[in-house]
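I've put the structures underneath this note.
You will see two complexes here that share chain A, one where it goes with chain B and one where it goes with chain C.
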Partner chain A sequence: MDHRELALTQALDHCIKCNLCTSACPVVAVTDQFPGPKYVGPQAERFRRAGQPVPDASVDYCSGCRVCNQVCPTGVPIAELNARARGAMVAERGLPFRNWIIARADLVGGLSAGPQAPLVNLGLKMAPARWVIEQLLGIHHQAPLPMASTYRFRSWFKRHQAAQPATKGQVVYFHGCATNYYEPHVGQAAVAVLEHNGFEVILAEQNCCGLPLISNGDFKGATSAHAANVRKLLPYVRRGMPIVGTSTSCTLTLKEEAPEILGLHDEAVRAVAAGTYDIFEFLRQLAERGELKTDFRPMPRRLPYHPPCQYRAHRLGKPAMDVLALVPGLQLDESHADCCGIAGTYGLKREKYQIAQDVGQSLFEFVRRAGADLVLCDSETCRWQITHATGVPSQHPIEVLAAAYGLRR
Partner chain B sequence: MRNIETEVLVIGGGATGTGCARDLALRGIRCVLVEKGDLTHGTTGRYHGLLHSGGRYVTKDPQSATECARENAILRRIMPHCLEDTAGFFVITPWDDPEYGDLFAANCLKTGVPAQELTLAEMLRREPALNPQISRVFEVQDGSADSFLATHATAQAAREYGAQILTYHNIIGLVREGDRVTGAVLEDLRSGERVQVRCAYVLNAAGAWAGKIAALAGLTVTVVPGKGTMVAMNHRMINTVVNRCKLPADGDILVPIHTVAVIGTTDVHVPDPDTFDITPEEIQLMLAEGEKLVPGFSQYRALRAWAGVRPLYKDVDGASDRDLPRTYKLLDHATRDGVQGMLSIVGGKWTTYRLMAEEAVNEVARYLGNTKPCRTAEEVLPVPVTAQRSPAPPLAGSAMRYPRHEPAAPDGPRLNGVRAPIGPQPIYGLDAGFYYLGQHLADVEREHAQDELICECELVTRERVLAALASGAANLDDIRRDVRMGMGPCQGGWCIYRTAALLFEQRVADGVSSANTNAALLHFLQERWKGLRPVLWGDQLRQARLDEQIYVGLLGVHRLQAIAEPGGGLVTDDSR
Partner chain C sequence: MAYDTIVLGAGLAGMLAALGRSERGERVLVLAKGHGATHWAAGCIDLFGAATNPLAAVRDLAATQPTHPYALVGVTALEQGLARLRAACEAVGYPLVGSAERSLLLPTAVGALRPTSLVPATMVAGESRQLGDGRPTLIAGLRELRDFFPPLIAANLRAQGFTAEGVYLDLPPSTRHGAFSPMNFARLFEQPAFREQIGRQLADLVRRGGYARVGLPGCLGLHQATTVVRDLQTQSGALIFEIPTLPVSVPGARLFHALEQALVRAGGQMQIGAWVRRGEVQTEQLVAVYSEAAAREQRHTAQRWVLATGGIAGGGLRAEPTGEVRETALGLPVQVSAAQSAWLAQRFLADAGHPIFRAGVATDRDLRPLDAAGRVVYANVAVVGAAIAGFDPLREGCLEGVAVATGFAAGQH
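For the complex of A and B:
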C-alpha cells in the first residue's frame, strides 16, 4: 500500500473521541439528519468493510466544510474520510440522477451559457418551472442557481488583447466552470490584474476540476476529469509556468482534493498540484517579493468579507484580505462565520436546502448588519448563496482589486 | 444456607461448561452450572475470537485439525449470529519456510481441512494491506467468533431446557463421601450466602482452573496454564483472518473481530492462572510479527493488550507448551483415581467446545443411564436479547465479490491446486445470517438512534445497556461482555460514567443499595486501565490522558474511593 494511502487509512486511529468536531460542526447545529463528523467519520469507518454493503447513509449530510478538520486536536482528516465514505456508498448504490446532473458543471454550464442564456435565466426565475425542476430533479425551488452568461469567458478571451506587453513571463489561468459560463467578469478582472502586473495570461485547455463530482461521490467521473486536467496542464507546469485560479474550490481540487480523496499520487498529479496557486496566494507572493504593483486608487469603502471554507484546506490564511489591505482606504470586515452553508451543490438539493440556509444564518446576519451594498467572497457558490439569502450583491475580491487598479471595464 | 438437589453439577461458565449444561439439558438431565464470575469470565472471554478452520494444526496436531474442521461447519450452522464469516488466509512470508506450503496443502487434504490456493493478485485485491512480499497464500474457512455472545446463547438454550446457571458463585469445597463425589458447597458472591449442592455427578469444566477444582476433591490434575498475550488494534486493517503458513508460533495470527484486529498470541507457562503479567517484550514481539503480515502494522493504533490462560493438559512432561496436544482429554476420575461421580475435561480450544461437551456428557449420561442422543449439533442457538439483530442489507454491486464458502464435500475437502472459481458470488456471511461488521451501524442508522448511544465507539444504545441490566448484569464489566460497552478506542472514557448512571438508576428502581455503583465504576476503570497500560504510546497514550482528565481531573473519581460501597449484589472484587 502506498504510504500516503496508508497514512489516510491510519488517520482514523488518531480520533480520541473528544467530540470537539461534533460541537463545532455547523451542520450538526441545525439538523438531526447529520449525526456529526466524528460519528460518520472515524467512528463509523470502523464498521465499514470494503466489499460489503455500506451500512449507513447519513454521511451524505456532511457538507465538507472542514470545520472538523480545523478543530481536531489530533489531526484526523475527517472531511476526507467522509468524502471517501460517500464515494464508497455511491460506488455501491449508484449515483441518483439529480446528483449526476448537478455534479456536471461543465455540461449544465455549457448548455446554459450563450445566446440562449436570457431564456434559460428567465425560466429559472419562474416559479412553476422551478416547481417542476424540484419535483423532477430534487433541486429545491428556492435554491440559489446562478444566472447563465450570454457569452463564455473563453470566447471573450479569444478576442481579448493585452493592453501592454508582458514583462514578467507567463501564467496559466484556470478559470473553472463558474467563470466560463456564469461570471466571465471574474475572469476578466483576473486577466486585467495579472496583465497589469506584467504577466502574459495563457488560457490552457481545461475542463471541470471535478470537485462537484467528488462531493457527490462520483469518484469515477472525478478521476477522469482530474486526469484530463493533469494531461492538459502538465506541459505548462513542466515549463515552469504557474497555474493560477480564481475559484478557491477549483484550485483546491487541483492542489489537494483530487490527489488525496481520489488517491492519485503519481508524479504528474503531484507536479500539477505543486504548480497551482490561488490567485490571491499568487498575488500575495508577488507582494512579499515587492513585485506587486501598488498603483491603487484610494478606495474609501468598508466591505464585509467572508473567507470561504476552502481556505481552511488551502491553509493559506486569508490572502485576499492581505492583498486588499494594500489598497488605500479599503477596509474589509471579516465574517468570522464558519460556513455559508451552500457547500457547492449541497445546499441546492431539496432535502438539504433548509440546512444550508440555517448553517449560513450567522453569516447572513453579519452581512445584513454590515449594511454595505457589496459583500466579498472568493468562492462562487458561496457568493450566490450569500446574495440569495441577504439580497446584497457579491463580488470576487479580484474584481475589487481590478477596480482599485482602475482596470474596471 | 440454601440447598440445591440436582443430577449434575457443572463447574465453569466458559464455553465448555455452558456447552455441557446445554447438552445435559437437551438430553433431559437436570443440571446446575456454577461459575465464580460472569459467564466467559475466564479463558473464553479472553481469547482472540478465532473460529479455527483447522489449518493451524494440520501438521503438528492432525486430530485437532480434523476436529476443528468438523466443528467449524457445525458452529456455522447452529450459531451464525455469533460468527463472522471472514474466511482465512495462510500466507508464506519471506520469514517462513517456502517448502512448508506443499506440506501444508497435503496435510489439509489428509486432515479434511478445506483449503484452496489463491493467486497473490487475488489476495492483494481482497486484502490490500497485506505484505506484497508474501509468496503463497491458501484460503481456509476461518472465521471470527463472539465468544461472549456464543456462551450467553448457549447458556440461554440450557436454561430454556431447564438447566440452572449460577454465576458469581464460588466453589468453596467439593463434598466427598468415601470414594464418591456427592456435591459441593458454594458461596453466593452477591449475598455471601452459602449454598449446599447435592448431585449425582460433578463435571469439572473449569479450564485452566480445573486443577484447582480437582484438588478440592483431593485429586491431582496437572493443567499447565499457558498464558497467551494478545493486542487489539484500533481498527480492522484486514478483514480476513491471516495466519502465517508455518508451524504454530508466537504472534502468527491476525484476527478481524468486531471492530478490531487482534494479533496473537504468545505462549508462556505461568504457575497460577490467576496471577500473570504482560511484558513489554511480548508486546514488541506481537507488533514485530504483525509487521511481517501487514507492513506498517506497528504504526496502527494499539487499543489494548490482554492475556488469557490456555487450559493445556499435561500428561507427560512436554518440551514446550506448544507441543502439548491441543486436543482435549476427558479424565474419568473413577477409572483414573478410583473416585466415582466426577469427570474433568481438560485441554481443548473454543472451536471444539461443543464436541468436548458432547463427549463428556456421553460419559455422564452413560453413568446416569440416560440413552438419549446428543442434539447440540442440530439445534440452532437462541439470540440473546442483548444481541440486537437487523435483517442483513440487500446484496448489491461490489458486495458480490467474495467467493462462497462451500461446506466440505462428503468425499473430501476442496483442494489446493484446483483453482476454485473466484467471481461474483454472494457473500456467504450475509446470506446465512452471520454477524457482519456493519450490523450495529446499520441498526443505529435504521432506528435513528444516534442520540441514544451510551458507548459511542462500539455503537451501544441505551436500549441495549438496559437489556443487559435487565438480563442480570452484575457490574459494568458484565455489561461490557454483553454489549461491548467500553471496548472501543476510548476504552470507556465517555461511556463508563453514562453506563454507571444507568446502573445506578436501575438499582434505585430495584430498591437495592445504589451507593455501590461507585465501587462498580472504580472497578471497571481499573479493569480498563489494566489493558491500556501495556500499550501506552502514540494515539492510545493521548486517549488515556484524555480519559484521565475526564475521570480524575474533571470528575474527581479518585475521591470516590472513600464513599464507594462494595457488595449490594454488585460483585466487583477480583481477588475471589
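For the complex of A and C:
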C-alpha cells in the first residue's frame, strides 16, 4: 500500500468524533434514513473487512456532496470513505439495474440526443410514461430529467470555424455528457470564450468521466471509463495542453475523485489530473496573470448564484464569482446554501427524490426570493434540479460570460 | 484574486479580525480548514476564569505578565472587541448578556458550576444567583438526546445546595425517529408544533411542581433561539435556560453564524475547507499562502495576513513524535515552555495544566510573530487567539476573551 492509499485508509484515525460533519450534513438534516457521515464513514469503517459481509447498508443514503469533508476540522476524507464503502457494498450485493442504467450517462445520452430527441423529450413529459418508468426502473416520476438535444455538441464543433486565429496556444475542451447530449449551448459558450481569449480549442476523443458510475458504486465500470479517458487525454497533457471542462463534477473526477476513490495512482493518471482545470479555475488563473480579456459590455444585472457542492469540493473558493466580478454592472448574490439535493443521480431515485427536494429547500427559497429571471450554477444536474424546483431558468456562468463579451452563439 | 487581508482560521479571533478589516473597507478573505473552535465550545465568552472581576484581573496582568496576549493588546481592545461581538449577535436577534466586570456561574451538562462572563440570553436564567433564590429548578431533557442526563445534573445541583429535580420529557410526535443530535433537535425546536408539545409538558410539570425555572439542553433552535425560548417561557410559565451540551455545540454554532452574517454584510469572503499548508516569503514579507486543493495547491495572495488557526486543540500547532512543536500553516517559530520530557505528570488533570497549552507563537505588541531572538519574522502578519504563546487558555479560562481582544486588535491597526 503506497502513501496515498495509507492517507485515505488510515485517515479515520484522525476522526475525533466531534460530530461537526453530522451536524453539517444536509441529508441528516432532513431524513432518518442516513445516520450521518461520522457513523457510516470513520466509525463503520472499522467494521468493514475484506471477505466479511457489509455491516450496514445506510451508507447508500450518502449523497456524496462532501459538505462533511468541507467542515471537518481534522481533515478526514469522509466522503471518499463513504464512496468506497458503497463500492464494496455493490461488489458484494450487485448493482440494481436502475443504478446500472442511470450511471451510464453516455449510453443514455447517446440514445436520447439527435433527431429523435423531440420524441424522447415528449415521452419524458408524459405522465403515464413517467409512471411506467418509475414502476419499471425506480426513477421518480417527478425527477428532473434533462431534455435531450436535437444535435450533439461534437457534431456542431466539427462544422465550427474559429472567428480569429489563435495567439495563445491550444486547450483541450472536456465537454462531458451533459454538454454533448443535452446542453450543447454550454460548450458553444465555452468555445467562444476560450477562442475570444486567443486559444485554439481542441476537441479530444473522450468518454464519460465515470462519476455517475463511482457514485452508484460501479467501480469496475468507473475504472475502465477513467482508464479510457486517461489514454485519450494523456497525449495532449504530454504536449503541455491544459484540459479544460465546463462540467465541474467531470473536472473534479478527472482531477481527484477517480484517482482517489478508485485507488488509481500511476504516473499517467496523475499527469492527467494535474493537467485538468475547471473552466473558471482556468479563466481565473488567466485573470490573476493579467491575461484575461476584459472587453466586457456593461451588464446591469443582479443574479442569484449557487456554487455547487462539486465545485466547493475542488477547494478553490468561488472562481466563477471571482471572474464574473470583472464584468461591469453584473452583481452575483451567493446562495450560501449547502446543496441543491440532486447530487448527480441521487435525487432521481424513487426512494431519494423527496430527500433531495427537502435538502434543496433553503436554496430554492433563496432563488425564489431573489426574484430574478435567471439563476447561475456551474453544475448541470444542479441547474436541472433548481429549475425543476423553482421554475426559474438556469444557466452555466460561462454562458453569461460569453454574453458579457458580446459573443454570439 | 488579490486581497488586502487574508485571515487563516474561522474561529472567534479570525472572524473578528476579518470583520474589522472588512469594515475598514478592505477586500478580505477567510480561509479555514473546517469548522472549529466555535462549534466545540459552550457558546459563552470566558474572560478570566474564576476572577470575580475579570476586567480588573486583565488590567493587573499588564503589570505582572507583560507578554500575556491580554497585556499585549490592552484592556481597551478587549472591551471594544466584546462590544463588536455583542453588536453582531444583537444584529441576528441573539443577544449576549453579562459584563466584563462580573463573573457568572452557569451549570454544565454534569451540573457543575462553571465561571464565564458573557452568555447568551437563552442561558442566563440558569445563573447560580438565580438558582440559589430558594425556589425550585427543574432540569428537563429527552432520552433521545444522548449525553444529557437531567437526573444527574439535578443531583449534582442539589449536592451544591440548590433545589433541583430532573425529568425526561416525552418526545413529541415528529417526522424524525432517529439521528437525534443536538443540531437536529435545534431544527425540531424551530418547528412551532414541536416546541408547543414540549411547552405543554413543561406547563404541566411547572403547575404541579411550582418550578421557578426550567433548564433544557442547549439546542433550542439554531437561528431562532430567542423566539424558541420566549415561546417556551410563555407556555410553561417558568423561566427557561439552556445548558450547553457536549459537542456539537449549537450555541457555539450560533456565535459563528452571527459573525458570518456580519462578515458577509461587510463584503468579506469565506472559504471553508481550505487547509493552508505553507507560505511564500519575499524579503521578510509573507506574499502568498498555498491551500490544499484537488490535484494541486491553490495560491492566495494578500498584502497582510492574520494567523488565527488556534493552538494545539484547534490544529494551529502540532506536536511531532520527535517532540518538536510546529505551527502548521506558515511554519512560524514556536515558543514551547517545557520540553517533551516534562509533558508527563503524576496526575492527568494536574492543577498546573499541561505545558503544551502554553506553546505558541511569540508576538510583539502589534501581534507580529517573533523568532527566538525576539526579531519580527514577517512584518505583515498578525497572530491572534490561541496561536499566541505564553498563556494557558484553558487553565486561565480566557480562551474566548483572548480571541476577542486579539482578533479585534488585528482588525483595527
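Here, the second predicted complex is superposed on the first by the 409 of 409 C-alpha atoms of A that agree within 3 Å, B and C clash if a C-alpha of one lies under 4 Å from a C-alpha of the other, contacts with A are read in each partner's own complex, and residues count from 1 in each chain.
Everything below uses one rule, namely that contacts are C-beta pairs under 8 Å (C-beta built on N, C-alpha and C of every residue); 3 or more make two chains touch, one makes a residue touch a chain.
Every value quoted in this text rests on a predicted model; they were computed, and no experiment measured them.
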item	value
Partner chain in contact with A:Glu288 - chain B first, chain C second, else both or neither	second
Touched partner set for A:Phe366, first chain B, second chain C, both or neither	neither
Contacts of A:Gln70 with chain B and chain C, given as first, second, both or neither	second
Touched partner set for A:Tyr173, first chain B, second chain C, both or neither	neither
Partner chain in contact with A:Arg48 - chain B first, chain C second, else both or neither	first
Partner chain in contact with A:Leu20 - chain B first, chain C second, else both or neither	second
Which of chain B and chain C A:Val28 touches, first, second, both or neither	second
On chain A, positions contacted by chain B and by chain C	18-19, 32, 35-36, 74
Chain C residues touching chain A - in the complex, by the definition given at the top	1-2, 29, 33-36, 39-40, 176-179, 181-184, 187, 247-248, 253, 264, 269, 271-275, 291-296, 298, 314-315
Residues of chain A that touch chain C when the two form their complex	18-20, 22-24, 28-29, 32, 34-36, 69-75, 252, 255-256, 273-274, 276, 284, 287-288, 312-318, 322, 336
Residues of chain B touching chain A in the complex	126, 128-129, 234-237, 239, 259, 295-296, 299-301, 393-399, 401-402, 427, 430, 436-442, 445, 448, 450-451, 456-457, 459, 488-490, 493-494, 539, 542-543, 546
Of all residues in chain A, those that touch chain B in their complex	1, 3, 6, 9-10, 12-19, 32, 35-36, 38-39, 43-58, 74, 91-94
